[in-house]
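Two complexes follow with chain A in common, the first pairing it with chain B and the second with chain C.
Presenting the complex of A and B:
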């Protein structure tokens, strides 16, 4: 009894020591210290730094460090003050008044004013590829005084705060970009005068860029890192070796690495691997049907294929657990997501039965019909591997799949944008809100000869009405209910089969802190990121 | 006089060749599906048709093919290679930023291959049946038959990861301050693996040629005379035989220079070497006509100059050629 007690006591002491040291180290690591460089390898390298006119992660990731915005987004999809220290929203949801911090300056020393906010709004609305869907409801930005910007809306806009975040609405200096030169060819795109925590110090196109700490950043003491160095990596093996050796400290969007390589990096003591940081960008992968093709006009054929695909096999075996099965059009990290939908668990019997009912009996050769699958190049783990899986898997239900590997991106673009495909694998980034990044695939009038529009040729007036309602509904619960309907209808109609959510990981050195502070992950400013002890390892 | 006549002839041929290169490549790029705007759309994650139309007219891509070609040649005649669609910067500026990197890599690899290849070939030729000769054959065949990217990756794993003595990528440490000497040493340090990789293929060719031609020369009469004069073997081989034996190697080096530039595309990709090859590869994927044509123009120019230089070097080595 006594010895037992003593044992317990020892354990207790050991435990409390552990807790104490843990507490100590975390408190220690919790005090940000200045110093050190961050070196990261880029698979997709920016060609300039003005993400007001160019969407896409390649430009937004460095862009968010060069340009500040009105608000940031925390890890719960909520806006937090950034250039705007406070704001009011009118009760009808049509007027947003932002009060700017008064000590913020651009990198050239000029103050950041409401004029610049109004200017940036105009630029993004007219030039960004999501301009119409993001800022269509906003009529104008008024500037009653230097530090007050008033957004006047035509109708309520539930996603406005997401749009005002660093990734989507950077604040540009009007006195630089508004000098009359066409914005797309403006020399300041490659030589930016920014408003954010870092300034561009050096840029060699297609090779590297160096961002330097902005000593006059309006948040006192921040940023903590001295420099951020971005290097172009063409070959994933080089990035793998550099991460393994500790020469590179951070890889976002998998950094071009294959999942097998990430698995190996995960075993390294100095490396942390997390799937966090992609909640807002929310990439969803899918198999798209061309509904103009005879066999895919029948919903039973689409459902049969959904029953024939084993999502569990994809996420657990093909992606070694790095990805998550998708259940519908919305990413599971979105607050409006619901899993109360038909998830089409693997059922080959039912698939065969549905195909029989649809009038496609097995012929003498064992096949019902044949169809091609094309795919977006550049993501072998999510595309090539899956395509290779589809062929034998769909053979089980009598569909003869012809793989159509793309020669390069543009070849795939021509194929899908020309509506020539039978099926294609593809993906979309949802960009923070369904109305920004998701609706485009399903709107009846968005059937365009451009990829990532409604290339499947799907049209459902009822769904259109729901999307229209959700785009102006500002009550969260109401909106969530609308999107539940949205997900239920789409998972019955199945213009696409959503296979999985991106197996994206953020891979970084364990001494690096505050790597992910927002649902935007890497597409947000790194002003809070710091090295333990303020030193690069 | 005759020399100048032949030079003028050669230069005018070269100009015709350049024009053919431009027209052919312009044609090829137009046959390939897609245009630069579509790759831009990919990077942006989608765009509206209106934005796409606006971009096309901004870049002059809405004009007809002959119109675009004619425009390009006219501009080129004035010495203007145009703007890159991808980088929105003058093509000449972009290429100038990359030319040195490629030339350093290619010339180092060429010298390594020629020098080492010749030495190895000669040594093997002196004792054709020895173990060493067989070893040289084996090494050169292995280098010749292995794909360049494989050799590169293997060297990377060996000498950058397992035995970390060389950096894994790039041409220099970015952001380190230092004087010219430290920069030079830094580049040299980064250069070793890529140059070895690129040289490995050509090492095989040159050592085989040097070996064969040396054996041939060593059996000729004047060598027997030299030997019977009582000259030492070293003088016979390196003073009398080498000059004749090395001619085929030079011919080959000149002819293969263009292939060396092509091989650089792969090596630059594996090692993230910031050269023209890497940029050319990207320009093709992005259908960046102006940039690709600019790079091809410069590469053609380099190959032409090198061929002229090869011709000249014959004259120096072999006084019989006039």
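Presenting the complex of A and C:
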């Protein structure tokens, strides 16, 4: 009944609009208009909406619409005002003063104050899995008045603005989350009182959630969409058909679709496919060696494998051009990236020669040694497919690859976190800055029994020193020079072979506007997104 | 009538074999099955020598249709479908026979003991059998394979564990039938041990239905292997038909050939085995022989 009414209302509204704007349509399409729902499918469905305590895109994507943050990040890695209307940074880089907008309220009507900022900072620092690396340098947040928050740092923090973005530091209401209940089990995680452009209207765990426009959002006129509906996708084929028919309007992080399916969707007239919006998350895929295993202790063996893998074949043939070859530990969208590093173009002769030199001659059966490859489950195009490629490819240089597909995430986790692997394929999200998302793979003292830490067992004191310096260097050029060294050393030592950058695409209906407004892509508020003519198709 | 049956039962093995063959050969469907079986055996043994392309290697453009670059086309990675079918035959046939052998070993052992001894032994063994019968076979196989990480051995083991129960019941039934027969009595009278009566006298006489069951079991085992591989629980280092279908199922709209040909291969193999099994059933069943 309600939807019917809504439909009539929309139709009426639309008709009047058509009458009013007849003749001006082209000019009109460029102005954001209110109206319409956005339906989007989630392969990994969130179990709650509090991304202050939970890393990962599944929670962060809806979370960024529910919670606002101090700053947003534009498409050039620059901070833009959000809850903070302005800020000052002291000349020593140790004091950041933020002035909050004064008309911002939480979804329950209470004003957003500096107390809430200080509270959210404490929560994220103590509970988010990147808490220590993101906010370690920040000593405390002072609150001289209701609308001023001062971040006091122990040492300079070049990535602070990235940390303050919606994806990483959501502003939670202290009066709700600070009531003494343990934050991990807080009932407001699934029934949040937020600060962002949308508020949660309905949530059926494991099935769907509905976000509704927050009418009191502090940015006037925004958001434009009436509702955002997130549906869990159990089968990628269902998402494929729904996108093709136009029933679903947006798929982020490939929406569980296979690349060949995206290639086929790309041919549809109503669909736009873009690879933009993953610059900050910056996922890099790699083949990791376990340096504790005898054969991989020799750098020549690792180099030989690097020479045997044809990255061009991976990106062009296996990924139909949707991915980009990686040259080193940093994603090429990062401002600190350099391509002035050791590169390993396909060269089977050299690979064979290096393996001979390393003392692994071919035996009677044509093989030098045997090694297993495991991989992270859940991304068939980047993992299973690459494994299927590695096996015959490394056979050409005499390495007998035994595939060890994970039965599930837990068994892969135990295998790699237990340091039992020979090789594993995996990926990391770089989360906006090398010191947040990248260092963890290479730091000597980060060899933990946890995946996505330094499970390869690599240790280079010189590199450790460079990472330590880069973590406090605030001068961009100096920092870039340090990271150039970082990339050069790693591409010589090769504890991992970086194969490609994420083949992630955002697939959306052509009438949807302002889909990507930040380097954070989908992990940013959708308050600027709107339907052409305010009408969903 | 009773005398005739007895005559057949104690007939010399060679005559018995010839008669069975005669019966088998007069069944056209069975002969077709045998012909297909020989073809598949040929592919399994000689295929990789005649067509030595590595099924794992990406030899062509991805998703090229049959006849364009390669006879049966390539899958979404550019792997040769024909090479996959040729090499997959080995995995499939190996798993089919090895799992059936395993099934027979467990099933016959339990069936023989239960049928021969009766009493509490039978009760216990049959309750165990029933316990396994009520478990959903494919689910149990999946759990076993996932538990011990997928490899050819675990798959053979898992298929064996879930499919021995009919063999056990069949063996027991046959044993119950012939336990009181004169020739068994005669063996007892001359002082043969239980062991020798069980294995040397009774089992060969209970064999015909078991041979039929075993043949059909190979077909079932092949289907099981295909199902497990399709679900991603196959041995990742052995190319199999089920794996090919499972890997390409997301692309069925674009590459029908990548799922159809391995599917046909499974179909033909299982059909051939079923036809052979039916033929054997007719040929080895003495009652049918008398009717004719």
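Assume the second predicted complex is superposed on the first by the 509 of 537 C-alpha atoms of A that agree within 3 Å, B and C clash if a C-alpha of one lies under 4 Å from a C-alpha of the other, contacts with A are read in each partner's own complex, and residues count from 1 in each chain.
Quick note on the criterion: a contact is a pair of C-beta atoms (placed from the backbone, for glycine too) under 8 Å apart; a residue touches a chain by one contact, two chains touch by 3 or more.
The shown structure was predicted, so the numbers you read here are calculated from the model rather than taken from an experiment.
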{"item": "Touching partner for A:403 - first (chain B), second (chain C), both, neither", "value": "second"}
{"item": "Touching partner for A:391 - first (chain B), second (chain C), both, neither", "value": "second"}
{"item": "First, second, both or neither for A:65, with chain B first and chain C second", "value": "neither"}
{"item": "Chain C versus chain B, contacts on chain A by residue", "value": "B"}
{"item": "Touched partner set for A:258, first chain B, second chain C, both or neither", "value": "second"}
{"item": "Which of chain B and chain C A:237 touches, first, second, both or neither", "value": "both"}
{"item": "Doubly contacted chain A residues - partners chain C and chain B", "value": "237, 408, 411"}
{"item": "Touch list for chain A against partner chain B, complex", "value": "37, 39, 44, 47-48, 54-56, 58-59, 127, 129-130, 132, 182, 184-185, 189-190, 202, 204-208, 210, 227, 229, 231-235, 237-238, 241-242, 244-245, 247, 408-411, 413-414, 417, 428-429, 431, 437, 440, 448-453"}
{"item": "Complex contact set, residues of chain B against chain A", "value": "32-35, 38-39, 41-49, 51-52, 55, 58, 86-89, 94, 97, 153, 156-157, 160-161, 164, 167-170, 174-175, 268-272, 274, 278-279, 282, 285, 287"}
{"item": "Sites on chain A touched by chain C in the complex", "value": "236-237, 258, 260-261, 264, 313, 317-318, 380, 384-385, 387-389, 391-392, 395, 402-405, 407-408, 411"}
{"item": "Residues on chain C engaged by chain A in the complex (per definition of touch)", "value": "54, 56-58, 61-63, 76-79, 146, 149-150, 232-233, 236-237, 247, 250-251, 253-254"}
